[in-house]
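Letters A, B, C and D mark the chains in the order given here, with residues in each chain numbered from 1 onward.
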Amino acid sequence: MIDKTLIESENAARQADLAADYDALGSRLARRGVDIAALTDRAAGFGVAIPSWGTGTGGTRFARFPGEGEPAGIMDKLDDCGVIHQLTAATPKVSLHIPWDKADPALLLEKAQEVGLGFDAMNSNTFQDHADHPLSYKYGSLSHTDTATRRQAVEHNLECIEIGQAIGSKALTVWIGDGSNFPGQTSLSRQFDRYLDSMKAIYAGLPGDWRIFSEHKIYEPAFYSTVVQDWGTSLMIAQELGDQAQCLVDLGHHAPNVNIEMIVARLIRAGKLGGFHFNDSKYGDDDLDSGTIEPFRLFLVFNELVELEDTPGLDLAHMIDQSHNVTDPIESLIISACEIQRAYVQASLVDRAALEEYRQANDPLMAAATLRAAFRTDVEPILAEARRRSGAAIDPVTAYRASGYRAQVAAKRPKSAGGGGGIV
Amino acid sequence: MIDKTLIESENAARQADLAADYDALGSRLARRGVDIAALTDRAAGFGVAIPSWGTGTGGTRFARFPGEGEPAGIMDKLDDCGVIHQLTAATPKVSLHIPWDKADPALLLEKAQEVGLGFDAMNSNTFQDHADHPLSYKYGSLSHTDTATRRQAVEHNLECIEIGQAIGSKALTVWIGDGSNFPGQTSLSRQFDRYLDSMKAIYAGLPGDWRIFSEHKIYEPAFYSTVVQDWGTSLMIAQELGDQAQCLVDLGHHAPNVNIEMIVARLIRAGKLGGFHFNDSKYGDDDLDSGTIEPFRLFLVFNELVELEDTPGLDLAHMIDQSHNVTDPIESLIISACEIQRAYVQASLVDRAALEEYRQANDPLMAAATLRAAFRTDVEPILAEARRRSGAAIDPVTAYRASGYRAQVAAKRPKSAGGGGGIV
Amino acid sequence: MIDKTLIESENAARQADLAADYDALGSRLARRGVDIAALTDRAAGFGVAIPSWGTGTGGTRFARFPGEGEPAGIMDKLDDCGVIHQLTAATPKVSLHIPWDKADPALLLEKAQEVGLGFDAMNSNTFQDHADHPLSYKYGSLSHTDTATRRQAVEHNLECIEIGQAIGSKALTVWIGDGSNFPGQTSLSRQFDRYLDSMKAIYAGLPGDWRIFSEHKIYEPAFYSTVVQDWGTSLMIAQELGDQAQCLVDLGHHAPNVNIEMIVARLIRAGKLGGFHFNDSKYGDDDLDSGTIEPFRLFLVFNELVELEDTPGLDLAHMIDQSHNVTDPIESLIISACEIQRAYVQASLVDRAALEEYRQANDPLMAAATLRAAFRTDVEPILAEARRRSGAAIDPVTAYRASGYRAQVAAKRPKSAGGGGGIV
Amino acid sequence: MIDKTLIESENAARQADLAADYDALGSRLARRGVDIAALTDRAAGFGVAIPSWGTGTGGTRFARFPGEGEPAGIMDKLDDCGVIHQLTAATPKVSLHIPWDKADPALLLEKAQEVGLGFDAMNSNTFQDHADHPLSYKYGSLSHTDTATRRQAVEHNLECIEIGQAIGSKALTVWIGDGSNFPGQTSLSRQFDRYLDSMKAIYAGLPGDWRIFSEHKIYEPAFYSTVVQDWGTSLMIAQELGDQAQCLVDLGHHAPNVNIEMIVARLIRAGKLGGFHFNDSKYGDDDLDSGTIEPFRLFLVFNELVELEDTPGLDLAHMIDQSHNVTDPIESLIISACEIQRAYVQASLVDRAALEEYRQANDPLMAAATLRAAFRTDVEPILAEARRRSGAAIDPVTAYRASGYRAQVAAKRPKSAGGGGGIV
C-alpha cells in the first residue's frame, strides 16, 4: 500500500486549485439548478470492480511485452488492486478468475481485508486447457459434442461458485470461447442446445442469493460463429435459465456500428441486465482503457443507466475488463475507473425535466443539446473532491508515480517472461 | 402475359443440352447417393413471394432513373409479377404494400387469378406521410409521442389487415422507420413501450388464422437509433405479443459482419422465425439482387433452413425485398427468384449424415468441405428442368427478352417521371 | 436578416454569466499556461462554409418531411445562410451546387453582399439527370462507357467553373455517384481510366488560381463499387491531375472503424489535403449534425490539423455537408458550425510541448491524458465570447428562435411538397 | 514425404470417375467455347507459396491448442511443406520467417531440394522481441521514437535479405505491428516519417533483382492506429521508396465492407501491386482457410487478376498467410491452395468477350450473370486432372490421411507445449 502521508502531501499541493475549480463549477451548476454537493455524494458512492487479471500486462496473439514488477500471483494482484482503490476510492471490489487466482479462501479473505477490498463476481475459464483437466477445450467446453468434456466444464464452474461462496462473492460470470471457425464445423442449433443443458446444470448449483451472468461476444477466439454471439442469444439464455440468470454487457463485444445504449435499454426492460464489463475499443474487442476511444459512447450508456436507475429490481455489477499492453496496468485501471465514474457523474447532471419536454415537443435539436451540455461539463473537480473527501488522491496517477510503488514491487517480484508468439 | 408458344420454342432450342447436362449431373449425384429426381421435385415445390413494389425501378436519396414501361399501378404490377411467375414457376404469390397498392379487392382477386398468382403477406406503410392521414410521421408512427398519431398508425395497420382478408392474405408485415437521429432525441425505453402498446392494439385486431411479422433493421431512415433495431428486440416483441407474432429476417438489415445464419438458428429455436425478406448487400441495406454479392451467405442461410426443416411448427414466408435501380426490375426478380431457389437446392444436397459424423468427430476441415461440396455443385440443370416441367422457361431472362414484353408495356404505359429521390 | 437589437438584447441578458464563466475559465487555463485571449482570437478567426443545399430539409430514399418556410431557391437559401453567419460569425461563405443554385451571377453577388457572405467551392452534379442534359447519368457520368455522356458531364463541370469565376469562387468540388451495383457490371480498371480522362479535361479548364477537389466515398448511390471509393484512389487522382488537384475528406464517407485522423495526416504529408465536408455519422453516410454522434472523433481530426497547421502550403477549405431531416436546417447548421469551432478550439489548447515529451518518453497513458484534458475542457465561454465580440449571438439557437425568422419566411415562401424520397 | 505408390493407388481408385466428370465438363465448356485442355494447363501452371509458420498450429491471445506432431523447427516445416506440394502440385515455394526459421542456408537449400521446393519472399519480424536484440519493440520498431531501436530493426531486415540471398529468395515482405493504442500516444505524421526513413535504409540494402513488399493492415496488434493502416499509405510508401518497392495485399487486413478487388485494380494501375497474402475472414484478421468463408470474394479478386493479367510488368507473388487453430495445418494448407487455384481457374473461364459487350451495352444484369456463370462452374475435375497429371493426388486430403503422415511425424517430433494465455 502507499503511504498515506504521501497522498496527503500530494493532495495538499493541489487543494487550493481544486477548491477554486470546485467552487466555480458549483456556481455554474447552481445556475442550471444542479446541486454540486449532491453530485459529489453520487460520485463518492460509485464503485466499479477491478479484474484481478487486469493488473498484469496483457498481449495479443503476436506478442506480450511485460513491464516491471508484474504480479506473480493473486496476492500480488490484490496488492495492486488495493493501491488502485486507495488512490481512487472507486474500486472497492475485485473480480477473480479461476484457475488463475486459485488460492486458499482464508488467505484470500485475509489479504483482501488487509488491502481494503471485497470480492465481486467470479469468472470461470474454459477457453484454455487446465493442467488438472484431463480433457481439452480445443473444440469447445460447455457446448462440446462430448458429454464428458461438457461435464468437466460444468464441474469447473461449480468449483468457481464454491470458491466464491467461501470469499463472499455473489455472482458467477460465464464467458466461453465456444463456437466454430468454419461454416459446417458445428450445428449452430444443437451446439446451443448443449450449451443450454450445461448452463442448466450450473444454474442448478447456484446458491439462492447468487446470480449467474451470461456474457455474449460476436467473435474471437472463434472466427466464424460463437455460441453466445449477441445479446439476443444472451437474453434467450437468461430467460431459459430463470430469475437468477442475467446478461452481462461487455462494451467491446458487439458488431461494428451497433448502438450499445439501446441494448442496455432493452435488457433493462426485459429485467435481464446484470452488469457490465467496461473497456473501450475502435475495431474489435480491443480491450482498451475505458473512455479513451469514444467517451461519448460511454456517457450514453450511463445516460440510460441514470435515466432508468429507479427501475425496480435493477442491481448492476459494474466491472472493468481490459488488456493493458503498453501501459502500467495499475495506471490504466486508475484512469479507467475515473473515466467510468466521470461518465456516471456527467450522466447524472443531465437536465432530465428539460430533456423530457424537448422529447414530448419533438425538438430533437434541443434534446440532443441537453445531453451534450451535460457531457461537455468538466466534472473533474467533482471527481477530485469526492476522492479527496474519501482520503484518496486528487490526482491519482501523479500520486502513484510519486509513490514509487512500481519500482518497489519490481524489486521484490520475479521478472516476467515475455515473448509469446509463433501464434500468427 | 407472354405467349406460351414463345416459351415452348425457346425451351425447344435448349432441351437437348439441358437433358445432357441433367443426365451428367444425375450420374454424378448418384455417385454421392443423391437422387436428382427428388431434388428436382424439391426445386419445383419451392416458391418465394414477389413484392409488388419491386416491379418498379427504385432509387436512392440522390436520384431515381426510371426505365421504360414502369408499372403505373397495382394492376400493371400484377401483370409484371405474372410474367415472372410464368417464366420461373417459382414466384406463386405477390406481397402488397398499402397504400401504394390500394384497390378494390374484387378487382385485385380477379387480376391475380388472371395472371395465376395468390397474395402473400400485407405490408403497411407508416414511414411516409399519406395524403389521407392528417397527422405526419416525421417524428414517428407506432412509437410517436403523440397518442393520436399512434392511433392513426394503428388504424392504418388494421386497414391493411382488412384489405388482406378480402384477398386471401394471412399475414401482416410491420416495418417502421421510427427511431431517432440524435442521442437524446427520444427515450429509448419509453419509445419502445409506446411501440409495444401500438403493436398490441394491432395484434388485438389480427384474425385467428393470421400472423404478424416484426421486421428489424439496424438503421435507415433513422440514423442514430431505430426502435426495432435487431433480432433481439424483434424477439422481445414477438414474445410479448403472443403466438401469432413472429420475426421476419431481411438479409440486409444487420450490422456489418453479423452471422445471419446464427440468427436464423436462434429464432427457429425460440419458435419465432416467421420468414424472410431476401436480397443481397455489401454495405448497408443495399437491396441488391439476391445471391449476387455473397452467394455463399445465402446458401448458409438455406443450410440452416434445410437442416431444421422438420422443426415442428416451422412455416416460413419467403419473400423478396429489393430495389432495382439499374436493371429491368422484372429481370432482377427473375434472377433473384432463381438464385434463392438455387441456394435451397444446393442446401438440399448437403450430405447431412456425413456432416454429422464429421461434427461428432471434431473434424472441422471435412465438415466445412462437405458444405462446400454442395455449394459448388452446379445445380442449374435441376432448376432448369424443374422450370421446364412446370411449363416455365429453361432460360427465363432470354425468354423474357425474346418476348418483347418490356417494349409492349412501354408502348401502353405512361412514361414515369424520373429525377428526385427514389422511394423503395 | 435578424434585427440587430434582438441579438443585442439577447446577449445583454447573458453577458454577466458569460463574463463570470469566461473569467473562471481564463484563470483555470492560465494555470495550465494557456492564454484565453489568444484562444478567443483563434476562435474568432475560424470559419466554415455552409452548403446552400443544407438550408432545405433533406430526406432519405424512403421519405422527405419538409418543414415550414423551406427556401424556394438560391436567394432564399442565401438569406438563410446570412442569418446563420449573423448569429454565429463562423460561417462567412456559402458553397453552391449547380444546377440547383443556377442564377444570374450578378444577382448572386448582390444578394451575397446584402447578407454579408462570400462564395466557397462550387459543386457540380452528375449524380442526377438534368432537364437540359439530353443524356442520362443512370449508368455513370464522368466514367460512363459512352463518350458523349462523359463529354456532357465534363461540360457541366466546366460550366460550374465558369459560374464560379463570375462570383469569386476559387475551387470546384467533384463528387460523383459513378460505380456499379453488381460484380461484373463495370470494368473496375477501365472505368477509372475513363474517369481520369474526364477529370483531365476538366482540369485543363481550371483557372490558374483555382483548385479542384476530388471527393471519395465508399458507397451510395452505387452499392457494389464506386469509382472514387477511398482516399487512396482520391490520392491517385490528385497526383495524376497535378498541383491544383487535392483531396476532400467527408467525415461520413469511410468504411466502418476507419481511423479518419490518420487519413488526414497522410494526405497532409502527400501535400494533397484540400479540405473537408464536415458532418457526423454512426452507420453510413448519415450526414448528421457535426459533433453530435462522436465528438471525440471530430476533436481528433482537428488535433491533427492543429498539430500540422504550420505545414507549408496547407490551405484547407472547411465546409459542412449534412442532411437535416428532422430539425430546422438553420438550427442544425448553427449547431454544427459551433461544434466544429469547438473542436478547433479544444484542439488548440492541447499542451503540445507536454504531449511531445510524453511521446518521446513512450508514456502513452499521459500522452492520451493530455489530449483528453483538452477535449474535456468546456470551451463554450470562449466560443460565446468570440461570437459576442463579433456582434453575433452568445446563444445563437435561442436568439434565432426568439427572432421569429422561421415563421416570417414561412409566411412568405411557398409550401414545400413533401412525400417522396428526399435528395440531399 | 509420402510414398508415391500410395498416391498412385489412391488416384487409381478415383481415375474412372474423374475421367467421366472431366469429359462431361469438357463437353459443357466446349458448348460455351471454352477449351478444357487449355484451362487444365493454366491450372497446372499455377502456384502459391506456403508460409513456413503455417505448418504449426496457431492460436489466439486466449489460448493455443497444439496438435499432434507439431513441427519443431524449420526442417520439420519444410518436410510438411514438401508433403503439401507433393499432394497438390500447387505450392512450389516456401516463404520463410526470420528469426523463427533461421538456419544454415546450405542446410536450408539441401532440405528444400530434398523435398522439391524453392524459397519465396522472406519475412522479417519486429513485432516480437528477439532473444538476441537488446532493445524491445514494445513501443515500435521501424517507427520507434528511439534511433537505436529503429536501427536495430533495420539491421534485422537487412539480415533477412542476406539470408534470403543465400537461399535464392528475391523479395522481402515487411509487415510491422507499429502504431498506437491510444489517441495522442504517437504523432501520426512523425511516426510515419520515421517509418519511411527506416524503410529507405532497408531499400538501400536491397539487391538490384529483389523487390520489397509493404503490407498494410488496419489494426492488430495496435488498436487505435497502425502506421501502415491501409493501401493508400502502402502506396505512398512504395512510391517514395522506388521501383523495387510494391504493395502486398492480405485479404484479411481491411476495414469491414471494403471492396478488395477495387484495391487490386487500383494498385495494378499504379504499377505497385506486388502480391498477396491469401486467407479468408469474417470479422477481423481471422486468418481462416482461403475460400472457406466468402468464396465469391476470392473469385472476384482473381477475376481482376485474370482480366488484367497482360498488364506490362505485372509479376505477382502469391502467398498463403493463415492461422490454423482447429485443423491439421497441413490439411488446411492443402485445402487453401486448392481453393485459391479453383478461384483462378473459375476466373479464367469467364466469357470476357461477352462480358465486355454487356458492359458497353450497360447491361449490368447480364454482365453480372456472366461472372456468376463462371463462378458456379464446378471446376473440380480440372483441378483434380491437373494434379493427377503432375503426379499429385486427385483427392489430396484423403490421400494425406491414408498416408499416415501425421502419426509418423507425431511419433518422431517432440510434443508441443500448449497453453498460452493469461493474455486477455
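FYI, a contact is a pair of C-beta atoms (placed from the backbone, for glycine too) under 8 Å apart; a residue touches a chain by one contact, two chains touch by 3 or more.
The structure displayed is predicted, hence computed values, not measured ones.
Path length between chain A and chain C in the chain contact graph, taken as the least number of steps between touching chains: 1. Among the other chains, A has the CA centre that is most remote from the centre of chain B. The distance from the centre of chain B to the centre of chain C, each centre being the mean of the chain's C-alpha atoms, comes to 39 Å.
For chain A, residues touching at least two other chains, in rising order: 138-139, 181-183, 185, 218-219, 224, 256-257, 259, 282-283, 289, 292-293, 296, 326-327, 364-365, 368-369, 372.
Chain contacts here are complete: no pair of chains fails to touch. The touching residues of chain D, when paired with chain C in their complex, are 138-139, 145, 180-189, 192-193, 218-219, 224-225, 229-233, 235-236, 254-259, 261-263, 265-266, 268-270, 296, 300, 303-304, 307-308, 355-356, 358-360, 362, 364-365, 367-372. Those residues of chain C that touch chain A in the shared complex are 17, 20-21, 24, 27-28, 31, 256-257, 259, 282-283, 289, 291-297, 326-328, 331-332, 335, 364-366, 368-369, 372, 375-378, 380, 397. Across the complex, chain C is touched by residues 58-65, 127-129, 136-139, 177, 181-183, 185, 218-221, 223-224, 256, 281-284, 286-289, 292-293, 323, 325-327, 418-424 of chain B.
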